[in-house]
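Note that the chains are named A, B, C and D in the order they appear, and that numbering of residues resets to 1 at the start of each chain.
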Amino acid sequence: MTSPAKADDEVAVGPRPQPRRGVSLRDAGPPIALVVIFGIFAVLSSDFRTVGNVQNIMDAAAVLAVVTCGITFVLMMGSIDLSAPGVMGASAIAVALLVANNRNGNDLGLLGVLVAVGLGAALGCLSGLALVSLKVPSFMTTLGVSAVGLGIATLMFSGVQPNISDEMLHGWAVNRFLGLAYLTWIAMGCVLVGWLIQRYSRLGRYAYAIGGAEEVLALSGVKVAPFKVAVFTLAGSFYGLAGVMVTSQLSAGLVQAGKGYDFAAITAAVVGGTLLTGGRGGVLHSAVGVLLVIVLTNGLVQIGVSPYWQGGVQGLIVVAAVSAAVIPQRRRNQVTK
Amino acid sequence: MATPVLAPESGQTPSAEAAVVKGGPTVAQRVTSFMPVIALVALLAALTIADPDFLTQRSLTAAVRTSAPLVVLAAGATLVVLCGGIDLSIAALCSLSTVLFAMWLPDLGGLTILVVIAAAGAIGAIQGLAHVLLRIPSFVVTLGGMSIFSAVALVISDAGPIRVIDRDATKWLNLYVAGYVPMSFFVALLVVAVVSLVLKLTPLESFVKAIGYSESAARLAGTPVDIVKVAAFTISGACAGLAAVMLASRNFSGSPTMADNLLLPAVAAIVVGGTAITGGHGSLWRSLAGALVVTLLRVGLPIVGVPSAWEQILYGAIIVAAVALTLDRSKVAIIK
Amino acid sequence: GCSEEASGGGGNDGGSEASACAPEDVTLVGQVRNESNPYEASWLDGGDAFAEQVGLEQQRLTYDGDSTKQQEQITQLLAGNTDCLVMNILPNGDSDTLPIVEGAQEAGAFLVTQWNKPADVNVEDYSQWLSHITYNGVESGQQIGDALAEAIGGSGGIIALQGILDTGAAKDRYAGLEASLDANPDVELLDQQTANFSRDEALAVTKTLLTKHGDKIKGIWAANDDMALGALAALEQAGRTDVAVVGIDAVPDALTAIEDGTMTATVSSDGPWQGGIGLAIGYCVATGELAVDDISAEDRAWFAEQFLITGDNVADFTSPVVDEADFDCDNVFSRSQGAIS
Amino acid sequence: MTTNLQVHPETEPSAPVNALEVRGLVKHYPGVKALDGVDLVVRQHEVLGLAGENGAGKSTLLKALVGLVRPDAGEIWVRGEKVRLRSVVEAADHGIGMVFQEQSLVPNLTAAENIVLGSEGAGVKRGIYRWDTMRKLAQEQLDKIGSHIDPLARTDSLSFAERQMVEIAKVLRIEERTSNPPVIILDEPTSVLESKEIETLFTQVRRLREFASVVFVSHRLDEVLDVCDRVAVLRGGQSVGEMPTADAVPTDLHRLMIGSTGSDDHYHEGMSERSAAAAEPRLVVKGMSGKTFRDVDLEVRAGEIVGIVGVHGSGREDVCRALFGAEPTVAGEVTLDGAKLDLSGTRAAVASGVGYVPAERKIEGMVGPMSVADNMTLTKQKSRCAGPMVVPQKQATLVDKWIERLSIRTPHRGTQIGRLSGGNQQKVVLARWLVAGDIRLLLLDHPTRGLDIGARSEVYRLMRELANSGVATVLLADSLEEAIGMSDRIIVMNDGRATKEVACPSGGKPTPLDLVKEMV
């Protein structure tokens, strides 16, 4: 699914350069799709177009947004990351056991959250290290790390549900500011931080560059390995935070806290315009993708589509959205992987 | 220094001709191409050490029989991966096919097997067409396909399993070839062998690899890129149909979620076999070995008594280690 | 050439007449979906407790809710020594039961299944399938439905969270809800969605339904406690305290919630007992203390006793104790509420 | 980085100190001795040309000088110090920088980032980008070469020539790393440039000489003689000689490169013979329009070579691609030998006997990890198959014949094509269309890009042979001289339209100036 950067059609257009300034059609597609889909649901369902439901959509997007933020950096490099379920599971249980809970006497509060995020970062780091040192594709290292994370989570779980009684963590899900849950603000903060990292940090720009032309970085004397490890670590810490957020929402640490978030996040990122081949897109694109996915999920329930069909309709719309977005850029000798 | 300074004349042509060597694989390359098998043997040895009872003929027979649907699924998807794409829909399509199989069996009898395989192949072809005609990345097409097939399976089965009452149609799958080789595994081997041979003996192999390594070069060389890709998706779909027949015959039923969990193991099998996920390099034989490794991990670890949590940790570590062994990095420029 | 079944030689087909196993030769296997679920973890712990009681060890198997993996494990297990193998299995779905049964029958292992079984498959047709135990899903669905109706004062809107759609448990429980709705005509089912027995999904679905139906929602019917707990979290985040929630399974968190008064009712499913009883039946038959032929038809497929738990009686259930006496060979069917109709 | 310097004062070469000195460098690759004891001296403030056939080892040598290739034996001395270079960074610390044969910029970064990539200095503080500083740093480099590129433009929005300028600006960054005059290495920088851009580049090179030493590689010997002070020649991985350029002519160099004198009739004009069939038009294009070209009329007779010239953006590449079905057309009528030519896709084009050699060899021309044999036979299946089956023996014989005929330097037909030198790769790509012998129209987009003079001559001879056998050829030449030398007629394209047709018969050739007038 990832192709050597050189094969990317972006490079192939080399001799026929087209100026690319301002907002390109590819960038504009997903936001337009978001507005259109939102509009359609708003027309179809009066329940959908309420302020309450918009708040609900924002709240529901929080966890996915944070996961997608992390995965975006990995996708930007042209790698892939399937470790979210394991990392989130491990950090969800870890934080549940570290803050005030029913299993042990710990009451670390914010420190516990930091440790859980750190655990996520460590697992992400493991994926990255396996990638650069063993030269195993990220598809496999992250799949492996996901299994390891789930194993660690199951070990910590040891048969008894850890429920949190920590006021702060619990409050994140319950308390509201300007109509949105604290968790939603945290997610927005993550998107902002992610965007700043992407735009103003060497890590972010190099991640982007690795996706654009990894071999060129090596020719320029940049050692890409540490940056790759750092990107996976960064992604891992986002997943770690997402695990903490799930624990906060459910007031309990679940091993399955991250189930399904891997593909959901990739879908969101891709729908938002991040290329799986790397070098394109970014955190803001992904945020739009997340909203698209969540609006779809929410809207289908609101207009009363049968639960059996929901997945199918969602799949259809994702394919339709992506194909509508690629039509303007179709070229004869275009490479689609 | 008005005149050119000539270096001492050495040979007449100090060029590459003098250094011509035999082409073909070196010793190291030969070893890497056997790595999937080495990984398999090593894993078997480790399991045997953990529990000596594991290495019995009965147990091995059961393991290869178990692996058959996974082998078929992985083999089919390998073609798509070799072309540089990915097929995420195989598992959902396989589930849907089990439902179709169970629904059609009462009417069609023994013919159902072929009809289901053909139908799954056709569905695969539709995905392939969507991929090449609409130019949507295969990841997205098949991700969409995955949810659509699941939904269709849920709806037509009314979200429940459908019993296979007439077992005669698939009875032959439970026979043994030469006394020891389960028929389903034999069929899986046959699929791998036939597809590999067709690739090897015809230009298809170079088409597939050219497309996988560099699609634009392949297209500008006039190779039938779109046809080959659609064919790969078709075979991948048909293999999902065949795997569905195997599963339905094993479970005496079809169910809309039966094979859903085989997606990641199947892709893992492909990668563990050493096929490059970026396309071009790899083979169906490698996926066969990969599928056996994954099956051994799935069934072997719990059976030799590894506790559930550690089983997952070991599974994660071992598949990564296996890929570290099997991937021939000289064929893959950049590891993403 | 092909020959039929070359490797099944180890099985003593229809082996109920075979000589009884020595107690120490018996192998006990308990298999559930995963250990990361409190109910199923307690099931395996119950199995361990029974094993300890008879001086053996239970092999704990989990299959991640993955039907294929379950079948693969069983096949592999049955390819080993099956002479005195006792299996207490939670099939992933209805469709997974039959291959397990046939495998055990062929290999001569002693099998007890729980929860999932296709209705038209008859336990009595098999000599190695000793018993199938389940709770009456229709009844529990109806009981909590009624409790919910009572809690909202007999009239008002409710929403339903369904389980994994292709499991018998989900369907039976939902049928029970429908029966309860018939009996309470003023209760209106506003919406029903699946949350796949998952706390996380229930949270998201409930939030959406809360915004969709708003104050019309007076109660939430969930097909299990995990989803009920997810719904509770959603209610709390929405700042709603006026909604009654019911579930099934009596997991510890749900009992706590009932004690606190945030949840209305649940129905007991006794995990530790389930984990022990299946092994106990198998052990009794394997060691010859109980003959398959002596098990009455009623006890081959039966509903286990269950209780509606509400604020009134929750104290009785908060610390479940496994009574060793339940596992005596004379007692193994003592909790039967009658044959599955 | 001083830890890596190993100073051996006792063996210090005599003054004046050379900027760079290479002694007995050896590098083996499986099956190839790429460097076989090369010696090379680069003096201070000179432009040294490096010439040699394809595969002579030029790129390998230069890569060794920037630490990308680890030599098996030999020494590298920088300003009198023996050094061991293990990475680009170490080389840069010693003041050596290189512009690579394949352009090496990250397409999705800004020009400024590319310029400072790997040595951001003050542009990045504690991992945080300071765009203003970065822009300033980049601007300084661009100012050095007098370029007016916007530093914050995305690199893939720049033209080829602009990108080349960015590369040079980037390589000049090494000045900030050492106090000594840098050594700048340019590996075939001109092969992708148009003549005007080449002039700009040469102005830069002459400016560089003021404060640096330059190593310059090109297969166009006149360029080498034009811009360089001295030329060193490699052959088969060995240094075979050097000469000052002051009064040298291309043939002198040529003789050194291949060990004997080449023919003066570079373009084999003598070979050109108009066959009887030449009169009938083979390809007729009427009013063809596409995204980047409009109303193009074109006629190519059997046995004729028609050159299309034009600047970047004139649309000539797309015309070529459109004729091969690789680019959509919106209007127009195209016939081949009287029959309508199917432009719907590359398959159809190949089936009607049209062949296309793309300019972007690495990406579009070849499949790098596949063998020479597979690359050569990828298109024409009949040549290696019996029925649907591949006959390995048939393929081997055929491929070996063409390896021999085009003297392709490869250890074996089974060698990965990516391991060959650029020129030899190009020969394989060309051979692809010739193996079946059924080609009617050949579209050549820069077929000699990166080829050495011998290989070029070979390709020209091949083109002549093909023309004589009746193949119609459309040529997008590497240089105006090439277009003039090879073509029977030249079409000038300007802004998507064919604006002028210039007859170009042997003996009555136009001058480059005549054409340039029409092009701009």
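Note that in this section a residue touches a chain if its C-beta (ideal position, glycine included) is under 8 Å from a C-beta of that chain, and two chains touch if they have at least 3 such contacts.
It should be emphasised that the depicted structure is a prediction, and the values quoted were computed from it without experimental measurement.
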*Looking only at C-beta pairs in contact, point me to the busier pair out of B-C and A-B.*
A-B
_Where chain B and chain C are represented by their mean Cα positions, the distance between them in whole Å_ = 36
*Would you mind pulling out the distance in Å between where the CA atoms of chain C average out and where those of chain D do?*
72
*How big is the gap, in whole Å, between where the Cα atoms of chain A centre and where those of chain B centre?*
28
*CA centroid of chain A to CA centroid of chain D, Å*: 42
*Multi-chain contact sites of chain C, meaning residues that touch two or more partners*: 34-35, 165
*Going by the touch rule set out above, which residues of chain D reach two or more other chains?*
326, 346, 363-364
_Shared-contact residues (touching 2 or more other chains) in chain B_ = 154, 159, 213-214, 216, 219-220, 308-309, 333
*asked:* What's the complete list of touching chain pairs for this entry?
replied: A-B, A-C, A-D, B-C, B-D
*Going by the contact rule at the top, pick out the chain B residues touching chain C in the complex.*
53, 56-59, 61-63, 65-66, 69, 154, 157, 159-161, 163, 172, 174-180, 183, 247, 250-259, 261-262, 295, 298-300, 302-303, 305, 307-309
_List the residues on chain D that touch chain A in their complex, please._
68, 87-89, 92, 100, 103-109, 113, 117-120, 124, 127-129, 131, 153-154, 156-160, 170, 292, 312-313, 317-318, 321, 325-328, 345-346, 359-360, 362-364
*Residue numbers on chain B that touch chain D, as the complex places them*: 1-7, 10-17, 19-24, 26, 201-203, 206-207, 209-210, 213-214, 216-224, 280-281, 331, 333
*What does chain A use to touch chain B in their complex?*
1-5, 7, 9, 12, 77-80, 82, 86, 130-131, 134-141, 143-148, 150-152, 154-155, 214-215, 263, 266-267, 270, 276, 278, 306, 308-316, 318-319, 322-323, 326-327, 330, 333-337
*Complex contacts: residues of chain C adjacent to chain A*: 34-38, 41-42, 44-45, 162, 165, 191-194, 198-200, 203-205, 207-214, 229-230, 233, 236-237, 239, 251-253, 256
